[in-house]
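Below: a set of structures, written as C-alpha cells.
One chain, chain A, appears in both complexes that follow, with chain B as partner in the first and chain C in the second.
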Partner chain A sequence: MYDGGKIIAGLIIGIGLLMSPFFYNAGKAAKEPERALTDKAKQAKQCVMDKAYMTSSHFSLLDEWRHTVVRDGERYYKRADGKVFYKSLQVTCMDCHSNKANFCDQCHNYMAVTPYCWDCHIAPEEKK
Partner chain B sequence: MNFILSIVVSSLAVVILVLIPWIGVGALDLRVIFGILVPYAAMATFFVGIVVRVVDWARSPVPFRIPTTAGQQWSFPWIKSNPIDNPKGNTGVIVRMIFEVLLFRSLFRNTRLEYRRTAEGMPKVDYEWEKWLWLAALVFHYSFFVIFLRHFRFFMEPVPGFVALLESLDGFMQMGVLPLNGLGLPGVYLTDMLLMMAVTYLFLRRIYISQTRYISLPADYFPLFLILGLGLTGILMRYFIRVDITAVKQLAVGLFKFSPTVPEGIGVIFFIHLFLISVLIAYFPFSKLMHFAGVFLSPTRNLSNNSRFKRHINPWNYPVKVHTYEEYEEDFREAMIEAGIPVEKESE
Partner chain C sequence: MGIDRRAFLKIAGLSTMLGLGGKAALDVFAPGEVEASTKGVPLTAGKRWAMGIDVRLLDDKVISEATAACHRHHNVPDLASAKEEIKWIWEEDYEHSFPGHQHEYVGDDIKHAKFLLLCNHCSNPPCCRVCPTKATWQRPDGIVMMDPHRCIGCRFCMAACPFGARSFNWGDPRRVTRIPELIAKNPGFPFNKDYPTRSKGVVEKCTFCVDLLEKGEQPLCVTAANKIKKGSFTFGDLSDAESSIRVLLRKRYSLRRKSELGTNPNVFYLI
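Our next item is the complex of A and B:
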C-alpha cells in the first residue's frame, strides 16, 4: 500500500464517524417514552380522534384548530359521532392531558421536538 | 445508450425499487425482512464495500506528481507564487483539500467556452464563469449533510445536542410546508426544499446542456432519481402521510443496538423510505457516489507540486537488464568490420 498509514487512519476515522450511532447507543438502555394517562383521560377512554391518528398527527389537528379559531372564529369542533369539543390547546387538550411532563414531553424529548407553542400558551401547573 | 432510454431505464429502476417494499410490506406484511434484514444487509455492503474500494485505491501507485497547477509555482522569492493552487508542501495541500472538500473550489473555478458574435458581427470566443453548477452542488451536498445529521434524532437516544441546534436553525421559519389549514405543523425544514430544488436543477442541467447529456449514462441518472425518490418519500412522510415516528425510532435504535424489533403500526411509506436509503447505501461502493471517499485520494488535489526539488522514484521501477552499445559492439565487431560498418574500437 502506498501512504498506507495515512489512508488507513482516514478510513478508520471515516468509518468510525459513520458508525457512531452503533457506539453511541451501545450499553445504553433503550428507553421508550412512557406516556401516562391522567385519571380524567382514563375515564374518557378516548381521545379527540382515534389513537393512531393522535399518535402520528396530533399537531395537524392542533394546527387545524388554531387556524379555524384564530382566522375563522369557529371555536367548536363536532366529531363524526356528534361529540363536541371546544377547540383549545390549553383548555381542552391540557385538561385531559394535564400531566404535560409525563405525557407530551415524554415523546417530545424522545424525538427532540420542541413545540414553540409554550412561548405563549400556558402549560398546566403540575402537581408533584 | 441514448439519453431518453437512459432516463427511462433508471427511472423504471427507481419505480421498481418503490414497488418492492410497497408490495412486500403493504400486501405481504414482510416487516422483518424490510425493517431489519434489508437495512443490515445494506449497511454491511456499505462498510465492507468502502473498505475494499479504498484499500484497492491505496494499493495503486501514483508514479508521478500530477497535481493540477492552477497558480504560479513556488520558485524565486521575487516571483509571487500561489501556495494554495500550486502547493509546494503539506500545509498548502491541506488548505487546498479543505477548500476542495468543504467549498468545492474546483467547481467554483469552472468556466465555460462560449462562441458568440460581437455587435459588429465578428465571431468571438469567450470563457464564461459558470457558477450555477457549483452553487447547486454546494446546496445539494450541504442540504443532504444537514438532513443526514438531523436524522440522528432517530438513531441516538438520548438525542445529542447538535441535532436540536440544527432543527431549530433549519426550521427557523416556523412555517408549514404549504399555506393550507392543517399543514402548518410540523414546521418546514429549509434543507428539505433546498435538496429537492438542487437535485431537480442538477437533473435538468444534465439534460439541458447537450455535452453533459451526451456523456450521461444510467449510472448518472439513477442516483439522482433515487435521491429524488428518497427526498419525496421523506417529505411525504413528514408533512403529509404521517407515521408514528416514536415507533420508527424504536426500530432504528434497535438496529443500532443489535436488538432489532419491528414495533406495530408503522405505515408502509416508512418502509419505502427505508428501502430506498438501504439501496442507496448498498449502491455506494459500486458507483460514482464513492467520490465521497475518493475526493480525499485524488492525486490531482492531494499531491504537492514539488518535483522540481524532490526526486520521486517510480514505485514499480525494477532493475532492467540492459545491453549497452559497447557490449553489442563487443559481440559483433568482427562481422561489423567485415561489412564495412564503422566501429568505435578497432579490434587488435
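Our next item is the complex of A and C:
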C-alpha cells in the first residue's frame, strides 16, 4: 500500500471525528420522563384500557376512536368491566389528564414526536 | 337455408364487440347520469334527516340567535373579512337565496324577506363526489359529514357546492386570539371548550349538529329559533311518514334552493 501510514492515520482521525458525538454524550442519556398523574386520574385508578396498553399504544386507541366517532358515529366506548365512556380526546381524556404539559408534552418531546392533535382540539387550561 | 357454424360465430363475435363498445360509449358520454342514478336513490334504512324553515316566522332576532347559537357552539370565529369568512349558517336576501325564482312583480314581503341558509345536506351531494380523500361523505342517515382529519384543503368540494355552504380556513382560526382588532370581535374564543376549532387549510361547514343528534337532541339553530318563535324551525326524519317534518311538508308549500340542479336539498323553506 502506498502511503499506508497517512491513510491509516486519516482513517483513524476521520472515524474518531464521526464518533465524537457519541463519546461526547456518553453516559448523559436524557432521563425518561415520569408520567405525572392528576389527583383525578389517580382516583380513577384505571384508564379505558390497562396501563401497559395505554403507555405503548394510546395513539392507536385514539386513532380508532376518532375514526369510529367521526366516520361511523359511534360515540360511546365500553370498557372491559362495563363502564361506558364518551369517546372524546378533548372532553373525556383531558378531563382526567388535565396536565397536558406534564402528561402529554413531556413524553412526546422525549420521543421527538409532534402529534397535531392540538392544532384543532383545545387543550385544558393549566396553571403555570 | 339457415346459417352455418362459421357465419354464426362471426355474427356472435361482432355483436359482442358492439355490445361492449356501446356500453363503454354510454359511460364516456354520460358518466354523471350513470353515477347519479345509483347515488341519488335515498337510503331507506334508518333515518333521513331534514330541516324545514318557516320563512314567515324568520325575523332579525330569530336569525341572529340561531346563528349565534351555532357559531358559538362550533367555535366559528368572526374574521371580519368577506374573503376569509367562515360560515355554517348565514343570512341572505331572497334574490340570492333563490336565483331563478325572482321576478320584478314579486311582492315586497318576499322580495325583502331575509332567509337563513346552511348546508342543504343534499341527497345527491356533488361535494362528496369530487372529494379525492373521502374527507366529506354522506352518512346513511343523509347527513353530509366533514372529517377535518382527512381534509387536504384542495377545495374541490367548495367548487362543487352550488350553495356556497363550505368555507375554507385560509389561516389558523385561533389567530383571532392574537390579532388585536379580531380579539374584540371574538371575546373568549374558543367559545366552547368542549368542541374543537379547525386548523389552517381545511374546509368546514354545517354538520346538522351530528354530535347532538347522536345524543338524541335537536340541532342548535332549531332549538334557539324555536325558543323565540315556536315552529320557525322543524327538524325530523323524512323516512317516517308521520314525523313532524313530513306532516309539515304535506300541509305547507315549500321551496328548496336550486332544486333544478338535481342535488336534492334537504332544507325546505316554507312559504
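Note that the second predicted complex is superposed on the first by the 107 of 128 C-alpha atoms of A that agree within 3 Å, B and C clash if a C-alpha of one lies under 4 Å from a C-alpha of the other, contacts with A are read in each partner's own complex, and residues count from 1 in each chain.
Keep this in mind: contacts are C-beta pairs under 8 Å (C-beta built on N, C-alpha and C of every residue); 3 or more make two chains touch, one makes a residue touch a chain.
On a predicted model such as this, the values are computed, not experimentally measured, just so you know.
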| item | value |
| --- | --- |
| Larger contact residue set on chain A - chain B or chain C | B |
| Touching partner for A:L11 - first (chain B), second (chain C), both, neither | first |
| Which of chain B and chain C A:V70 touches, first, second, both or neither | second |
| Touching partner for A:A101 - first (chain B), second (chain C), both, neither | neither |
| Touched partner set for A:A36, first chain B, second chain C, both or neither | neither |
| A:Y116 touches, of chain B and chain C: first, second, both or neither? | both |
| Partner chain in contact with A:A44 - chain B first, chain C second, else both or neither | neither |
| Touched partner set for A:V91, first chain B, second chain C, both or neither | second |
| First, second, both or neither for A:F22, with chain B first and chain C second | first |
| Chain B and chain C footprints on chain A, overlapping residues | 66, 116 |
| Residues of chain A touching chain C in the complex | 66, 70-71, 73, 75, 88, 90-91, 116, 119-122, 124 |
| Interface residues, chain C side, partner chain A - complex | 137, 139, 145, 147-149, 172, 190, 193-200, 210-211, 214-215 |
| Residue numbers on chain B that touch chain A, as the complex places them | 47, 50-51, 54-55, 57-62, 152-153, 155-160, 163-164, 167-168, 174, 176, 181-186, 242-246, 249-250, 253-254, 256-257, 259, 265, 267, 293, 296-297, 315 |
| Touching residues on chain A, where the partner in the complex is chain B | 1-4, 7-8, 10-11, 14-15, 18-19, 21-22, 24-26, 28, 30-33, 52, 55-57, 59-64, 66-68, 107, 109-114, 116 |
